[in-house]
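Here the structure is laid out as structure tokens; the discussion comes afterwards.
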Amino acid sequence: MRAFSLFIFLFLYLPVAVIVVFSFNAAPNMSAFTGLSLRWYAKAFSNPLAIAALTNSIVIALCSAVVSTAIGSAVAIGLMGTSRTTRIVVQSLMMLGLAVPGIVIGLASLVFFSAAFSGAEQAVAMLAGWEQAAKLFSFGRPTVIAAHSLFCTALVVEVISLRLRQLNPSWLEASNDLYAGRGETLWRVVVPFIVPAMVAGGLLSFVLSFDEFIIAFFVSGTKPTLPVYMFASVKRGATPELNAIATSMLTISILVSVVAFSFLRRGQARA
Amino acid sequence: MLQPRMARLLLLPGYALLALTLIGPLITTLVISLGRRAPSGGYETALSIENFASVLSRSTAFLNTVQLSAFGAAICILAAIPVAFFIAKHLKGSVRYTVLFLVVLPFFTSFVARTYAWYFALGGRGLPAVLEWIGLGRFRFLNTDFAVAIGIIYAYLPIAILMLFVAFDRIGDDLLEASNDLGRGKVETFFSVVIPLAMPGLISTYSLLFILLSGEYLIPMLLGGGKVYFIGNAIVDLFLQSRNWPLGSAVAISLMSMMIVVAFLSQIFQRMANRDGRIG
Amino acid sequence: MNDGGGTFRGVTKKFGSFTAVNDLSFEIEAGSFVSIVGPSGCGKTTTLRLIAGFEFPTVGSVFIGGSPVERMEAYERPINMVFQSYALFPHLDVFDNIAYGLRSRRNRRPAAEVKARVNEIIGKMQLSGKEHNRVWELSGGQQQRVALARAIVNNPKILILDEPMAALDKKLRRDVQFELQSLQRELGITFIMVTHDQHEALSLSDRIIVMNRGRIEQIGSPDELYNRPASRFVASFIGDFNLLELEKPAAGGTVDVAGRVLAVPQERAGEGATIAVGFRPDALKLSAAAPGAGGEAWRATITNVIYLGDKVEIKLDCPSSGTLLARADVARLAERRFRVGDTVHLTVEDSDFHHFTK
Amino acid sequence: RPSRALSQELSGTVTLATWPSYQNQANLDSFTEKTGVSVNMAIFGSNEEMMAKMQAGESGFDIIAPSQYAIPLYASGQFIEPLDLSLLPNYDAAAVEPRFVEQGTFDGKTYAVQKNWGTSGFIINTTMVTTPFTSVKDYFDGIRGPYSGYGVALDHPLDTVGFALKYHGYSFNSVDEAELKKAEELLLETKPHLYAVTTDFQPMMSSGDASIAMGWSFNAMQLHRDMPEIQYVIAKEGGEIWCDFYVITRNGPNRAAAYALVNHLLDPANNVLEFEAHGSAISDTRVLALLPPEVQTDPILYPAKELLDPLEFGIAEAMSNPLRNEIMARFKSA
Amino acid sequence: MNDGGGTFRGVTKKFGSFTAVNDLSFEIEAGSFVSIVGPSGCGKTTTLRLIAGFEFPTVGSVFIGGSPVERMEAYERPINMVFQSYALFPHLDVFDNIAYGLRSRRNRRPAAEVKARVNEIIGKMQLSGKEHNRVWELSGGQQQRVALARAIVNNPKILILDEPMAALDKKLRRDVQFELQSLQRELGITFIMVTHDQHEALSLSDRIIVMNRGRIEQIGSPDELYNRPASRFVASFIGDFNLLELEKPAAGGTVDVAGRVLAVPQERAGEGATIAVGFRPDALKLSAAAPGAGGEAWRATITNVIYLGDKVEIKLDCPSSGTLLARADVARLAERRFRVGDTVHLTVEDSDFHHFTK
């Protein structure tokens, strides 16, 4: 079993090794490893498109993480106090949000949002008495963040609900007993208790959003995210430059994951 | 515990998010699926269920998807079982969580890049070259079911390991020791105690994997090279290549219906397994 | 003293159609130490929660210090509780746990006062040096003291304790029991404690409330409960007891117990038919020979001899009265060792018999 | 309206939707320096994807770089407008081959200015493909014959279905049902022998996993540069000639800057830099004059006239024809 | 009898650098009932697991029935175990749980035999009618019996029990203790039981092993441990004990305890310096007046009086010896009620003093 596990680990890390090794390859393509070089990093980081895409992805992932952590925490806490039916409905919808194929959500969001935008623009124009509807909304980071927040929130709700299941109801009563009302109890007991899960969920959201391709492809408007950029590049013939970008992404993801997991574990130690 | 009024307030942003990013787009999909392809592609309003009838034209892709997903999910689980069991039952303390972390680490790195790395690893200059060099002969892996299966297993193995870890972790060491104590060795114990008790977890893992796999399109696209075609690819092509959105939406809705059925069946099976294997 | 008395008037609490507490009426004197005991599920915790304000009566009223508290939420009552699992806040350190109540919006104290009071109680509870430890780093006994400190720092009128020692091991429990008793004397606060451990209840309380199936069986001092149990239930629940159900309930002046005729004591007369009698294991005397004058005798076979340090427990099988338990000091039996299988004669003084009408 | 737009000062951002590795950053930088307008690029993998996104409601692009066959669809779908050529002084229709100019014209109006052009043909590894290879027939028969398992078809309905039509001697752009039927038969017959159906075949060719691929001239250029044994064949029966354009969208947020940028990129000196970036043929004679002579004689970039003559431009009807798309889908799922 | 003896020879078990069990050597007689007691973490469970084969010694050897078992896995040893948590298989019903061992590949019995044996034991354990219940539907006591049945149905040579009654409530535990004792007598199997409850150990065992920090403090019969504790640790661990540490360890024939001179008993002489003495709470007599001849006296103040049904415990503060505990029958004190704050004189017979060299 130990040997098999080791084999599985090799399997899991093989492609990662390929990416990392070839990102330092001197050769112009991936047909052979001809020597160490940082040229692809230099090329990647002097490519304004790649840099813009990377920045875009980081900003989107950060915002998705914050938004979904905030909403997810509120939902997870709220679910503690609702009827069984509401809980089941909300949880199923969240699950659906995780399971629906990205291509469907992506295209449908684009169609839905653009219809909603023009509807809203026309409404504003009518109210303001303008002759022609002005362009008020457009696709871009906010739309990607909204769309990513769906599956990120679903994830956060899961993580935080798991944590809340460890919440001892008598802490809430103890707080009441010590003269804190319900709102105060929420703020002084429940929220601090779920902080580790919030951090972990937020960081996981960051990573997932950072990696997401197809939804971002549709709703990112004129500014591609890094996966969108990478995928388009792959389709027109890959260059080793992509390995350099991927290795950089990997490094970012590892750093973020390490932080996420250390928080998760700290949370577990406490509970 | 929590006042219903406050609970409702806290749920509001969640409802808004669901309405905006899930319900709205899903209704849009439904509306599109009832429409008609515009002459130059895209969508025109109409009210017909013709597209759902045309879904049948993608039945090969459906069949392919179901087969490879069912197979891929099974392989994932089979590969994940020893690893998850090893982590859950043979590792202790912080090593355990470190190893678990290492399992999921690749999962949190770029999906496109990892899958593309397999493209190179399985391509002529990768693994086949190594095998040829060893003298095992000339192999070609890329663009086969095998390559797609590898990609799928690779991508979903961490999830499977994670979920099965949770399922195995819940089985107390005392039950395994009790079985040893009653004269059953490790293998016999595994099949007579661990598997029955982990059954609900195995079922839910399998169905989740199946659902996620059947929505997959990137892996077949990159590693299947158009030779392995999933329903997800059919949907992507319908939206992005033929630009026949109504049919794409109809296919997507059919796919989601299948997923819902699978999820539902999984619930039923889990409940049945649960009745036998409830812990405590 | 303070006005920390408590009164229940006809309190019934239902959960759905299940009656957890049934028509409870009692008074708790301010400044006293009251224990509630009873089998699992009899409604002890529910009773405490009715006092603390976590539950509200379905019928009846609860009064604290003379005033009804129907409209008061838990956070408005001058009562604090020590929870069974302590319910310490894991995200706060010892100091902040104790200061929690003094920092609540409703009851906020100036920072300087909080500091002074918390530090004072930390000193009193021998927690000095642990102020900034996380609560999960403390031992069970220390956690228990934090829970106690967190409650009493607020100067409640009533302190409620739900099985405060259930999680402690035997030695530690012994120490904490003594501490608790001293504390209650010192503060003069009303203590209401639920416990599973009859030893604990007997040793700490001024009064004990014995509950069964949501009702009160008896309220009394430890001495009263042990020596004058009002019912068979109380007799068996508090300490060990050999109970002999009568085949025919006797309303007259005497009862016939397996051939032995006992006079019903004066004070029991008129309470109704005697349906059972019994005696404590220590009232049962064993002798190898049939006794002389001054006591009727039963014969029994010894089925078990259990050595308990300073005591010996002997389990007997008596054809006329079933299984009986005898207990004696080792010292007193030293001259003669009883062995499993021996047949012995049993003696119980008339005055050691208890008579029950319920 | 255009003139009103032009009278405004240039500012803000202009967004260009294009293909990967298709623009020279230096030109964009110099544009920004000159005008203060920053340039944003959105990268797409195919004309179809770009169009799908526009059709779904994306309206943030100022300039797009579609191929000729998409232009009538954009124009009839009101996504683009005829160009105001007065705002593009660097564009000289006379310097461009008329057949390319024509492709940018719809309903007699100029909607697009030519960027670069290329051909679709076959890329072969001559060390593996030893028999003479000159035709579409060689492609399909070779794959169904000696090279079974080593052929690649493009994941691109226009070319793949087009070449299958060519095999039978029909028009590359045919939408005739009977003709398409035969093309489909050929494709379905070929599918089991194919190694892949993809646009990302370069690694397969360079690793030797594939030996014959349907492909575009710029792919061939890149492969040939790295591996001289890889060669490009324009089938003698014909095939596709294509041309990419700059088009300014109707609802783009920054039309003034869009005109300025296109004009900037068409400056012959700048256009030379563009060539260095994308490596596809340019037909503007002013630019050709500035290119080194060996470029102009490169057989992949500028094939002989007799090879070019039978080539057809892909047309919009072919791209949007439901049956052709459906055939492609059946071909892929087979 | 059977060959179900067990022997430890210099067994040490380390977990990493931590020594859980340190140089343990002892013999367990076949057919006897042995308990292992000691504070939490002292290595009791580890010792059991070494016998059962879930752990292997780092140093030393374990013998079962005379043969070394180094190479035997748990599933090969003729030993069965009753787990603290019972470890019943939740996916099997009562019958299948009990039949589990008889159906193992290694030990397979014909179906008819399995049926007969399981049914027999189900009858014996009073589980009839529950055969096809799921185990979680059973009460705690029933689950305990299933766990027991599942082990003994295999006719083990040794039955190991790890705190088998920890999860039972007081009344039920009392019953199960009696059952266990009878069963052991009936089957003649060696029982090795770990328990937290000294009352339980004293009442059931032939011999008790007292462990502390991975080592054995004393092995002996309940009587020996109570009356002749070998160390201060054993004295305090088994029953209550008043321990007086000597300021100056005395090697000679007498020791001076707070001004009182005691002769060191004959049998202790030569064992080394006496470092502490002490006595059981029941050896301490209280009197209001200074005692006459026949005993030296200390004075003490009563700090606590605890009423325990038939017993009274009195906590005393004695200037010369610190806090002391006295215990007496209520009956004996009936004439005189001691009250908190009273000053009393203390008497202990010379012969009630224990002398410790370790």
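Labels for the chains are A, B, C, D and E, by order of writing; each one numbers its residues from 1.
Going forward, a contact is a pair of C-beta atoms (placed from the backbone, for glycine too) under 8 Å apart; a residue touches a chain by one contact, two chains touch by 3 or more.
Please read these numbers as outputs of a predicted model, since none were measured by experiment.
Undergrad: Which neighbours does chain A have in common with chain D?
TA: Expected: B.
Undergrad: Measuring between mean CA coordinates, which chain is farthest from chain C?
TA: Computed centres place D farthest from chain C.
Undergrad: When the contacting C-beta pairs are counted for A-C and for A-B, which pair yields the higher total?
TA: A-B
Undergrad: For chain D and chain E, what's the span in angstrom between their mean Cα positions?
TA: 88
Undergrad: From the mean C-alpha coordinate of chain C to that of chain E, what's the distance rounded to whole Å?
TA: 27
Undergrad: From the mean C-alpha coordinate of chain A to that of chain E, what's the distance rounded to whole Å?
TA: 57
Undergrad: So the centre of each chain is just the mean of its C-alpha atoms; given that, what is the distance between chain C and chain D in Å?
TA: 90
Undergrad: On chain C, where are the residues touching two or more other chains?
TA: none
Undergrad: Could you tell me which residues belong to chain D and also touch two or more other chains?
TA: In chain D, 46, 52, 56, 200, 203, 206-207 touch at least two other chains.
Undergrad: If I count partner chains per residue in chain B, which residues reach a count of at least 2?
TA: If we look for residues of chain B contacting two or more partner chains, we find 43, 120, 125, 222, 239.
Undergrad: Mind giving me all the chain pairs that touch?
TA: Applying the touch criterion to every chain pair yields A-B, A-C, A-D, B-D, B-E, C-E.
Undergrad: Could you pull out which chain E residues touch chain B in their complex?
TA: 52-54, 73-76, 79-81, 83-85, 87-91, 100-101, 104-107, 134, 136, 150-151, 154
Undergrad: Write out the stretch or stretches of chain A touching chain B in their complex.
TA: Against chain B, chain A makes touches at 1-2, 4-5, 8-9, 11-16, 18-19, 22, 30-32, 70-72, 74-75, 77-82, 86, 90, 93-97, 99-105, 107-109, 111-112, 115-116, 146-147, 149-150, 153, 157, 169, 172, 182-183, 186, 204, 207, 211, 213-214, 227, 230-231, 234, 238, 242-243, 245-246, 249-250, 253-254, 256-258, 261, 265.
Undergrad: Quick one: in the complex, what on chain D touches chain B?
TA: 46, 48-49, 51-52, 55-56, 73, 76-77, 149, 152-153, 155, 157, 194-198, 200, 203-204, 206-209, 316, 320, 322, 325-326, 328-330, 332-334
Undergrad: Would you mind writing out the residues of chain C in touch with chain E in their complex?
TA: Checking each residue of chain C against chain E gives 40, 169-170, 178, 181-182, 196, 198-199, 202-204, 222-223, 226, 238-239, 280, 282, 304, 306-310, 313, 315, 329, 331.
Undergrad: Spell out the residues on chain B that touch chain A in their complex, using ranges where they run on.
TA: Residues in contact with chain A: 1-4, 6-11, 13-14, 17-18, 20-29, 32, 43, 79, 82-83, 85-87, 90, 97, 101-106, 108-118, 120-121, 125-126, 154, 157-158, 161, 211-212, 215, 217-218, 222, 232, 235-236, 239, 245, 248-249, 252, 255-256, 259, 263.
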